[in-house]
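Per-chain residue numbering starts at 1, and chain names A, B and C are given in the order in which the chains are listed.
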Amino acid sequence: MSAYSALDAVGLAQETARGKRSASENIEAAFDAVKALDSELNVFLNTNLESARALARVLDAAPAETRGPLHGVPIALKANMCVEGFESNCASRILAGYHAPYTATFVRRLVDAGAIPIGMTNMDEFAMGSSCENSAFGPSKNPWDETRTAGGSSSGSAVAVAAGITPIALGSDTGGSVRQPAALTGIVGFKPTYGRVSRYGLIAFGSSLDQVSPFARSVRDVELVTHLMSGTDSNDATCLDEPRMNCEICDLKGLRIGVPKEYFGGGLQHDVRARSEEALALFEQLGAVIVPVSLPHSEHAIAVYYVVATAEASSNLARFEGVRFGRRVDGDGSLQGMFAATREAGFGPEVKRRILLGTYVLSAGYYDAWYGRALKVRTLLRRDFEAAFESCDVIVGPTSPEPAFALGSKKDDPVAMYLSDVLTVPVNLAGLPAASVPCGFVDVLGRALPVGLQIIGPHRADARVLSVARAFEEATSFAAARAPRFFHGARS
Amino acid sequence: MSSETEVPHMREVGYVSKKTGVRWMPVIGLEVHCQLGTRTKLFCGCEYRFGASPNSITCPKCTGQPGALPVQNREALALAVRTALALGCTVATKSKFDRKHYFYCDLPKGFQISQYDQPYCTGGGIQLSTGKFVRLTRIHMEEDAGKAIHDRGDMTLVDLNRAGVPLIESVTEADIDTAAEAVEYLTSLKEILQYCGASECDMEKGSLRCDVNISVRPAGEPWRTKVEIKNLNSFRFVSAAIEHEIVRQVDAYEMGEEIVQETRLWDANRNVTRTMRSKESAHDYRYFAEPDLPPIHISSAFLEYERKLLPELPSSRRARYESALGLSPKDARNLTAERVVADFFEAAVRLSDKPKECSNWIQNELFKMVGDPELGTERFEELQLKPFDLVSVIELVDKGSIAMSSGRTLLRAMAETGKSAKVLVAELGLAQVQDTALIERWCREALVGKDKIVADVKAGKPNAINALLGGVIKLSGGKANPQVVRETLERIIAQP
Amino acid sequence: MSAAHDPKPIRQAGALVASIAKLARLAVTAEEARSIEPQFASILKQFEGLELLDLTGVEPLVSLSGADTVLRADEPEPSSSADQMLANAPERVEDFYCVPKTVGGDE
């Protein structure tokens, strides 16, 4: 029997469903990993061993024909996801102790397939950030180099997978919050087309941008998890009826790969450009055709993103005022005073900054200048992609302009932090599907740090994106690399 | 001006100041919120009912739990559209929901889902009996907030049962001139919404709320500052508040004071309006399109479907009852006050072709039965009577099979038991006796010792026979057919 | 270019932060305001590029999923109990949420 962490989720589920291992053993292995690594890497905000063990027992007793495709697979969930029995505090003081009175649809579908949630992972507070340094509970550490960030905002979930604690984990991607951590930790991350997966139960940050997005060490895992979560939900009016995804490894011959010149500009650091170009060369070798394209409005994407996302965030976070849930601070004793004191004490500085920004761009007299304008530029950004996809089948480039940066290196410069999203936010603005797959390493001060390749597809072309990702994975061996802080197992 | 002083009657020609003789013209607009009569809330499946125990009809969505999302109720859209069609509004093919932000303890999400710059309909209005047409500016859909209770203890208590209930907010142009017009507008609006099945419009249960916007100016001059009045819980209060406020504003202007743009509350105990808060620091609601809801597209098929469901409206029915059925305006008004009654009446007329009789029986008998504690029916539709039942009774009485008084008894028994006329006539022995032999015997019995009365009848005294008639009816236990009795008596008396 | 855009805010970030904080119910301390102001200003500077674009005839992108009028049937779904909903409430009196006394009316 293989070591627990040597298997991907599909493999683990197959072995468990066939009885070669038990769900209970999987849970014990996962918690051994938690014990071994969590205190150093700061992955989980809370775990629920009893609940996981109980669910494992039920699964182990289940008759063979009822065993689902994720039978007995432990999964880590980002702390902005609502699950009964777990504390979903979004890494914020204002939600400390919040136990959601309902379970998200996307979680329920995975549990129905046999997955076992083991805990809530660390993140930037309310998903606002790219390094986890905005968590109220300290950042997660990158298993490739603990002095560096694992990216953000879905940091803990990325580390859970990259460190071998769980084979799969869920994050949320609003501006790159799953793709960028996947790139920085050397794993696969996939953001579906906006609307593929119901957002009911995902604590909202940017409503028109958020998507639940899986992490895994293999593309087939990410495909399976996405497929299981997909489909209409009567609880979400923005959820589309997207069909099952059957992502065969595609034949790359003749595949037209668009390479936007704007994504290969001067901002790329170290050898990120080299790794991306090597990947493109490999695609060519396999028969693909490289097509230069242009996304002319790319330079405005960050501005549009920060206007739209902060506006929506300022609105979505208005409900945190101490009346119905969360921590309350009395303030001057008046109702409005209580609101202000509760929010002042409960929100961290980055969240406050974004709420202020979002409130500003929506305020009377400024709507047309900022928000109204940004929505129109958003249309232009989407049109850029539509035009580009007329001459190519997928668009490829680096996921992040740089590998994992040192913790603390961007603390005092929010703008510098925002710029690390420049390659990922346009995808959320246009609502397109995109994956990040490992494409090699760069050497930084003697340490090997992972680099990710982003594959973007047209609207609803999720299957195509994952097929291309599979083909790349198949032709390379980067997915097999293991971080220095990877849990190989106390027992298998 | 004290509240005991009689408020001068407001005629359409405005309010003439006693002090200066200046004619002041009131300018009044109404904002009316109506709860739509759906089973569930606007954006979630909670089944709302008035008076439920606190926080027992809520869910993650209507309490604004993080991660919860709204999904629109189809029936709410249908009723809103039906209302718009009934009021002659132009329904927008495309509209959207917007978030309206403010912080208050009864607003769970910190914003209300409402409609800002693309309401689902505009235009339309209501014709008043004076001929005045009160125009509507717009109607939009929005969700209701919960309830904050300030008068229990030293904290404010919050009940979110009502949060998320569907509302339509209708705003009129400032076309109204008097309190009477305002009340007539509201009465008509209520009738129309009830007829469409869109809303109960019960102010006591909060399903209809009205705010008044009012200013005054000397005749011929431009409009002045308007004041908003809230907390009007009945049509009577709307009327009183308007009349009071007109005088208050006129007095203030005539004393050289300014009228401040503000919101005032109606104080029903002291019959005055008083300051609530100043509207000078206007709210910045930071409206933007609700990203969790797709735009609302109302197809022409949807519109046509709702148009077909529109009932004939009260004003049109009244006109028809008066002209085609020959009813008096008063009768027409009484029969159309509620749609269930009007529908009942019309069905009865179709079955019997006797509009006046149906009208009389409904008003005189059926209305009495509603609210009768013995029957336990509080509303017309709770009576266990169908139009066919009423018509059966009318036919029986007209044919002479039962007496008129028996008809009343029969109707009541049918309402109480739900049994048919035929069954009850037999059970209660109400059949009127037509047996001439039997009647002749009763007549002869009643005539015994009544020589004086007989003499009066022979002498031609017109009503003398009634006493004899009464006697025979009594002997028969109310069962004798009065007409036959009269004829029999006359025949017997005329015999030598 | 919209006439509503006013370049003043970038220079007067301080007063702006205070008034926005009030709108957003964030009791920002004077010290926090001092550190936020320059950050605010530098962020807004990034947005200046948006002003220069010609947006004539461009529609705003409002509905991402392209879904059209999603409606649900008017059928009841079970409500949560008061206890369930009040379980996370910071303060509770019987079956009510409770908050500091207010005279009534929003804001």
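The rule is simple: contacts are C-beta pairs under 8 Å (C-beta built on N, C-alpha and C of every residue); 3 or more make two chains touch, one makes a residue touch a chain.
Everything numeric here is computed off the predicted structure, so don't read it as measured data.
K.L.:
Would you say B-C or A-B is joined by more C-beta pairs in contact?
P.N.:
Between A-B and B-C, the larger count of C-beta pairs in contact belongs to B-C.
K.L.:
Based on mean C-alpha positions, which chain is nearest the centroid of every protein C-alpha shown?
P.N.:
Minimum centroid-to-centroid distance belongs to C.
K.L.:
Just how far, in Å, is the C-alpha centre of subunit C from the one of subunit A?
P.N.:
Each chain reduced to its C-alpha mean, subunit A and subunit C end up 24 Å apart.
K.L.:
Quick check: how many Å separate the C-alpha centres of subunit A and subunit B?
P.N.:
Here the centre of subunit B sits 56 Å away from the centre of subunit A.
K.L.:
Would you mind pulling out the distance in Å between where the CA atoms of subunit B average out and where those of subunit C do?
P.N.:
So the centre of subunit B lies 41 Å away from the centre of subunit C.
K.L.:
Which subunit B residues touch at least two other chains?
P.N.:
Where subunit B meets two or more other chains at a single residue, that happens at 60, 63, 71-72, 103-105, 156, 158, 284, 286, 291, 293-294.
K.L.:
So which bits of subunit A are touching at least two other chains?
P.N.:
As it turns out, subunit A has residues touching two or more other chains at 98, 101, 208, 234, 237-238, 314, 318, 321, 323-325, 335-336, 339, 359, 363, 367.
K.L.:
Multi-chain contacts in subunit C: which residues touch at least two other chains?
P.N.:
Counting only residues that touch two or more other chains, subunit C contributes 23, 25, 62-65, 67, 70, 72, 80, 85, 91, 97, 99-102, 107.
K.L.:
Along subunit C, where are the residues that touch subunit B in the complex?
P.N.:
23, 25, 62-65, 67-77, 79-82, 85-86, 91, 93-107
K.L.:
Mind pulling up the subunit A residues that touch subunit B in the complex?
P.N.:
The touching residues are 80-82, 88, 90, 95, 98, 100-102, 104, 199-204, 207-208, 234-238, 311-312, 314-315, 317-321, 323-325, 335-336, 339, 359, 362-364, 367, 371.
K.L.:
Using the touch rule from the top, collect the residues of subunit B that touch subunit C in their complex.
P.N.:
Within the complex, subunit B contacts subunit C at residues 38-40, 44-47, 53-60, 63, 71-77, 96, 102-105, 107, 148-150, 153-160, 263, 276-277, 283-284, 286, 289, 291, 293-298.
K.L.:
For the complex, which residues does subunit C have touching subunit A?
P.N.:
2, 4-6, 9, 16-17, 20-21, 23-29, 32, 36, 39-40, 42-43, 46-47, 49-51, 53, 55, 58-67, 70, 72, 80, 84-85, 87-91, 97, 99-102, 107
K.L.:
Across the complex, what residues on subunit A touch subunit C?
P.N.:
97-99, 101, 194-195, 208, 234, 237-240, 297, 299-300, 302-304, 306-307, 314, 318, 321-328, 330-331, 333-341, 343-344, 347, 349, 352-353, 355-357, 359-360, 363, 365-370, 372-380, 382, 414-415, 418, 431
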